[in-house]
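All chains are identified by letter, namely A, B and C, in their written order; residue positions are counted from 1 within each chain.
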Amino acid sequence: MFFIYVQKVFWESSSELLLRKQRSVKKNIWHLALILLVALLPLVIRGSYSYLLSLMVAGGIYVILVLGLNLLMGYTGQISLGHAAFYGIGAYSSAIMTMKYGLSPWLAFPAAIAITCTFALFIGIPTLRLHGPYLAMATLGIGIIFTKVMIAWDTFTGGPDGIYGIPNFSLGFTAIDTDIKQYYFVWLVAILIFILSYNIVNSGIGRALKAIDSNETAAEVLGINAARYKLMIFILSAAFASIAGSLYTHCRLFISPQIFSFMLSVKLVTMVVIGGMANVWGGLIGALILIAIPEFLTIISENWQGINTTELEIAIYGLTLVLVMIFTPTGFAGMLAKIGLLRKQKRISL
Amino acid sequence: MSQILQYLLTGVTVGSIYALIALGFTIIYNTTDIINFAQGEFVMLGGIIMASLYRAFHLPLPLLFVIAVLIVTLVGMCIERLAIRPVKSGSIVTLIIITIGVSIVIKAVSAMLWGKDAIPLPSFSSERPVRILGSSMPSQSLWVIGVTICIMVIMTLFYRYTRLGKAMRACALNKVGANVVGIDVRKMSLISFAISAAIGAAAGALVTPIYHAGYDRGTMIGLKGFCATILGGLGSVPGGVLGGFAIGILESLGCWISSAYKDVFALAVMVLVLYIRPKGLLGK
Amino acid sequence: MSILEVNNLRKEFAGLVAVADVSFAINRGEIAAIIGPNGAGKTTTFNLLSGVTDATSGEVRYDGQVISGLKSYQITPLGVVRTFQNVRLFHNMTVMENVMTGHHIRVKPKMLTAAIRLPKFFRQEQITMEYSIKLLDFVGLEEKAQLMADQLPYGQQRLLEIARALATQPKLLLLDEPAAGLNLKETTELSRLIRRIQRQGITIILVEHDMELVMGIADRIIVLDRGQKIAEGTPEEIRNDQKVITAYLGE
């Protein structure tokens, strides 16, 4: 990113490019701030708050998932109610390859991505021809079929009990096994994916995607092959999900079908929607807000006996979803953009 | 032979429920273009309210049936008013997400109110199974199929001969036109939610003696009802009914082959229909 | 060789014949206009030419190559582009970005290049930006470059759509009712713009209702009525053609 900044400074500028340079300095500050925050957080959290660190590991994984889904939903106007399936395929591929076939996690990782992308390709081609509710239901159906198959095909997948005893990633002689190592590892990947998403969105590709979202026929008349772009983004978001899946597998060392359920797909959609769809920061915000809620609830339940927190948490997800869709369809990022804290990612920004 | 008949009878019973759910989906869709994800929860609520009231008060079943249906109808109307009406720029996807949110809330609140255990309900008539041609089925199945047919007939008469029914059909055909002619489209929206909730609740109450009520019964059954709707053709009332019975029977027969993958059949059919012929069998 | 050849083009919609065996040819560098009363099949013809709709029968040849049956995103790289009757701008982008999107197929950006920000990406963006600014200047919208597309007044939205279409570097430009909703001053400006485009060597076909505009700039006019071509010729010839007058009922 420093490289990007340096390049920009040496550009020739018309008056516009000068203006843009000013804005992009501000944007880079936010990026740097994010990196610093992530890097320094563990130093702040200590002692009784070390549980938060393990929570943030999960958070990082959610962020990766949400970034992928965000690209899909916010930029080509598609919806997937079955995104957890790709997460699951990545996780299970990684697990099975390490457990059954003895591959090292570092090899299983890209192999899982390849497998998931292949699934995404074959599912995407017929599915992406659909629109609106039909697309939603097809993705929903596929997601649930996946979960049911994972549970039923117990000889291959371990059935409802799942797979356990999975090895960690390891770097040289150390395994990435403690919370703090996992935290840095996961967030490193998360930030890389964040930057990748950001770069894609703010480019010619991003414009093509937004064009497709705004008016598909007009985009096609300009030569943009909408079906191909939708498929590309679908596969890319599946790849991100697969990455998240492998990370989960080799950090938690245990997976089971319940983790990749419809409920998770809904949570992911909630995170994307709350964060604000057509905005890469939105994905980040949404993921973090929704991780905060169960923790918040745990605090409440410690002071308030008799409330079933799991159900309450679920009820709150649902309620949040409804309220956000009614009042701020552009999500939190949209709200922040209106205030001026974030710039709407509608202008080209480099 | 009697084995097949057994599966068929189960299939028809379950199919009736799917057909009723499909009817509920179609009524709301035709009037408002919304896919009401919470439809399955209406079914769940109908059953769980009736079962829990019985457990608490032991009132006569017909009375409880009516009460349960009325309560759920009210819930449906509240949902329309609170969650659907205020949406200003409702893209269809936005509304779908909202109904998903609503269904999540209903399910979670139900779990909080009634706990997670199944609640039983006695059969409407005798507990003895009915024998037909060497197979047996619970007597409740006759209630299910019978009441389903009644509801179908009532709805057909309603749409064809009453003013309100005709107004709703007009809405389904052309909202703008209906508006111009003086039909209050927003009121139609409310009424369609009320009717769908009532039908869903009836279905839930009917089937509870066989399958027992529980907070989580709604999701899969609603989903399969939706599969039936897609199979029959979104927007087609006879299609929904046809789809419902088709899915019910298919699922039952599929169970025969492999019960582990039971739930997958309906979903797989829906996905295939969406890929090959999204309009379904009888859709517009 | 003509730049565009239409042979017996026919489009039926479930019993209704929208375009009935229409044939014509357009010469390179011409400004041609397709006129006719409402429902004559003009926009449908454009849809057929630009690949938005498939023909029931007949063929369209562009530069000798058959393009009927190709999808629109396959036709545009060959050099044919169209605008829409109901201006279809990308509301989620700025004016500048709309034009830049038009340049997409000429630059062919790749996802990987963008994702890891290779130097090629910056070069491509610079080229596209500079080209787009030039086009905005060409149509007179340079100052509005950073506004959101839907903040423009209607007349300027039309200009933007034309600029965006020009970014695809077409040889043939199809304008669907470009003067619709424009006032007198804007129409005159439009007329001048169309001539400027012609001077760049681009062939133009207009669908229009505004007779003054058409008579003023068209080299050749094709008249459709109820799906059939009823006349073809210079403005003079068309003005006096009995069939045309009847079709318009006293225009």
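Heads up, the rule we're going with is that a residue touches a chain if its C-beta (ideal position, glycine included) is under 8 Å from a C-beta of that chain, and two chains touch if they have at least 3 such contacts.
Worth saying up front: this structure is predicted, and the values here are computed from it rather than measured.
Q: Which contact partners do subunit A and subunit C have in common?
A: none
Q: Which chain has its C-alpha centre closest to the mean of all protein C-alpha atoms shown?
A: Of all chains shown, the one whose C-alpha centre lies nearest the global C-alpha mean is A.
Q: Could you pull out the chain whose C-alpha mean position is farthest off from that of subunit C?
A: Result for max centroid distance from subunit C is chain B.
Q: For subunit A versus subunit C, what separation do you get between their C-alpha means, in angstrom?
A: 41
Q: Based only on mean CA positions, could you tell me how far subunit B sits from subunit C in angstrom?
A: So the centre of subunit B lies 50 Å away from the centre of subunit C.
Q: How many Å are there between the centre of subunit A and the centre of subunit B, using C-alpha atoms for each centre?
A: Centre separation, subunit A to subunit B: 34 Å.
Q: In their complex, what parts of subunit C are in touch with subunit A?
A: Within the complex, subunit C touches subunit A at residues 50, 52, 71-73, 76-77, 81-82, 84, 88-94, 96-97, 100-102, 104-105, 107, 109-111, 114-117, 119, 121-122, 124-126, 128-129, 133, 145-146, 148, 164-165, 167-168.
Q: Flag every residue of subunit B that touches subunit A in the complex, lowest number first.
A: Residue list for subunit B touching subunit A: 35, 83, 86-87, 89, 91-94, 96-98, 100-105, 107-109, 111-112, 219, 223, 226-227, 230, 234, 260-261, 263-264, 267-268, 270-271, 274-275, 278.
Q: Tell me, which parts of subunit A touch subunit B in their complex?
A: 79, 81, 126-127, 130, 132-134, 136-138, 140-142, 144-145, 148-149, 152, 262, 266, 269-270, 273, 307-308, 311-312, 314-315, 317-322, 325-326, 329
Q: Taking the complex as given, what residues does subunit A use to touch subunit C?
A: Touching subunit C from subunit A are residues 3-4, 7, 11-12, 14, 16-17, 19, 196, 199-200, 203-208, 210-211, 213-215, 217-226, 232, 236, 278, 346-348, 350.
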